[in-house]
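What follows are several structures.
Note that chain A is present in both complexes that follow, paired respectively with chain B and with chain C.
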Partner chain A sequence: MRCFARVEGILVEPVGHLWAAFSPATGETALLNDESASILEVLEIEPADTTAVCVLLSSDSGIAPDELFALVDGSWQQLTEAGLVRELPVTLNNPQ
Partner chain B sequence: MSAGESDITRSLADVTPGAIADALASDGLWLDLGAVTLNVRSDSPVLAVQLKAVYGHYPFIDKADWADAHIRIMQARGLRRWMRPQVVFYCDGRLAFDPFPADSPLPLLEWGANWLVAQRLNDLLLLHAGAVERDGFALLLPAIPGSGKSTLTAALSQRGWRLLSDEFGAFDPAAGVFRAMLKPVALKNASIEVIKDFTPDAVFGPVFPKTRKGRVAHLAASKVSVQRRHDTARPGAVVLPKWQAGSPTRWEPLAEHVLFPALSFNAFNYNLLGEAGFRAAIALVRQCPGWQLIYSDLDDALATINAAWPGIVERHAQVEAS
Partner chain C sequence: MNKNLQDSTANTSARRRLVRGAFAAPAALTLYSGSAFAATSLSCVAKEVNHPTYPGPVTNPLPSDTYLRVPLYSLAGQTAPSTWIRGSDINLLARQIPGTNPPYITNTQWQCFSAGSSNVKINTVTVTPLPGTVYAGQPSRIRNGAPPQKSDSYVAIRIDNNGKIVGVVGVGVPNASTSAVHQSCWTSFKPV
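Then we have the complex of A and B:
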């Protein structure tokens, strides 16, 4: 499974109902919803794949990991393009 | 940065157009706008009169050690000068922009100076906003398309608010304050008559009927605004104005997630400043409460702002005391 890490040096701040996230990699700022901000918070601990992120978010929110899977899996592209996460070259289950 | 003023006892209003023209034709005229000083040279036969009309309260400085930018507004050469005379804008020796008609050096100077400020002053976060001050706090009016921010900024500046700028909310992140970028307010089309009706004794320069932005006239900054152009202002509040024909005045609080993009994504140099810009914008959103102001009646809009302002100042006083 694909594994993602939080880009070093990003800044995330709450702004009203959203979150403002600055990426030093792109120099851009993105406005994020709570779910995307939560994913970034989980990745602050260590790099993770979709399943691991879902398990951690589930323990926090009480929502079953299966129900979170599509949401988390669908967030990677936006977070990657915003320069907030990067995909690691190896998977967690099969490090080479 | 302030120029070393050679003669602070005289303003442009105190000297003849000939003296201004002589300065423009020799070492230049230094225009100290507060956060920036421009050196302007020109061979235009009409620029001196136009500058005297709208920069009348500014000190007449024809010798100084420093300018942040050197501008020349020169008559265009070549055969066409006989058919359709034009003026061109040089900055630090380089030609910039398409030429303007020869009778319109002031709009070219104003437009070019704004462009230069937006390019150069990257020690400041340059919000695209009107900015006025009262009680030591800045009120920002971000430029959302159709907002009429220059009209409202001009109206406030004529009714007891100190004008900082009609174009730049110039925030100094290191000091946590706004600085003045004080130039005449550029009003366009119907806004010219709106402000002339609103304040019949307002001082305007000539009307330029055919600029690329339509009809343009420049409203002179008040004497007190010019005298206090080096005074800073702490972040106070943000108002997103929206002129809507026939609408009753509506004053609605705005959440931070609306204010943040209105300030940062609308700034001239937010992306350029990177992390410093992000931190500055977050600091402003934390400090400044915001409102949407929808209005059609200018007097009523100002009354609404004036009624809310003491509460805003009180809120800042409580935060500072805590």
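Then we have the complex of A and C:
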């Protein structure tokens, strides 16, 4: 399972109904919805894989983790391109 | 500093703002500095809006209509991948237009832009994509369930003179003769 971390030094601030996130890695600011900003908040705790992120967001949204999986998994590319998260060169072993 | 404002800011959490029972696709749109954007894309679009090229079967276009772009997503791995427009991208733009009406597509819906050569799965149902059709969920590859990936192409969305996003027009690749804006304008959209 791929593992992702929040890029160090990013700034996330609420802007109306959205969130502005500045990445020092790209020098750009991205506009996020609550869902993307929530993923960044989860990664602020510690790096995580998609499953772990879904478990935490499930407690916030009341939606089952497996229903969130495709949405969260599909967000890594754009969050990475925006310089907000980075994929760690290691994989997490999920205790099953 | 006003204490209430300070407390409000300190307590703001995206996770707390999530609506229980609903989770839209995470979205992130890159902003560019006002001066740079005005010098390139915005002024370019403004010029094009004055003399717009209306591509394809657009119903009753008006000179007052405006065009913005959203990214195309494709189901990578297919020989001729179908391409898709994500509803959350359009809704995110709509939320930035004060007083706008809800767009024609919801956060969780996807619209097929081109059919490709293969069927796809949407919410576990196999479908043959039809261009222009709005589907109730994210498409994925039948073989391995892979989700659509963001491509380097864009499509123009049309905003009517009431500020409502009313549809998608034109193919956003440079050189496309059907594009709503000219090649040089699309080039200025590209990230530096």
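Basically, the second predicted complex is superposed on the first by the 93 of 96 C-alpha atoms of A that agree within 3 Å, B and C clash if a C-alpha of one lies under 4 Å from a C-alpha of the other, contacts with A are read in each partner's own complex, and residues count from 1 in each chain.
Operating definition for what follows: a contact is a pair of C-beta atoms (placed from the backbone, for glycine too) under 8 Å apart; a residue touches a chain by one contact, two chains touch by 3 or more.
Remember, it's a predicted structure, so these values are computed and weren't measured experimentally.
When both complexes are overlaid on chain A, the residue A:73 reaches chain C alone and has no touch with chain B. Looking at the shared chain after the overlay, A:57 reaches chain C, while chain B stays out of its contact range.
In the superposition on chain A, A:17 makes contact with both chain B and chain C.
Applying the stated contact rule after C-alpha superposition, one finds that A:42 touches chain C and leaves chain B untouched. Touching more residues of chain A than its counterpart among chain B and chain C is C. By the touch criterion defined above, A:29 lies against chain B and chain C together after alignment on the C-alpha atoms of chain A. Touching of chain A by both chain B and chain C, each in its own complex, is seen for residues 14, 17-18, 20, 28-29, 31. The residues of chain B lying in touch with chain A in their complex are 255-261, 264-265, 270-271, 274-275, 278-279, 281-282, 285.
Of all residues in chain A, those touching chain C in their complex are 12, 14, 17-21, 26, 28-42, 56-57, 60-63, 67-68, 70-75, 77-79, 81-82, 84. If you check the complex, the residues on chain C that touch chain A are 9, 12-32, 88, 92, 95-96, 138, 140, 147-150.
On the chain A side of its complex with chain B, the touching residues are 9, 11, 13-18, 20, 22, 24, 27-29, 31.
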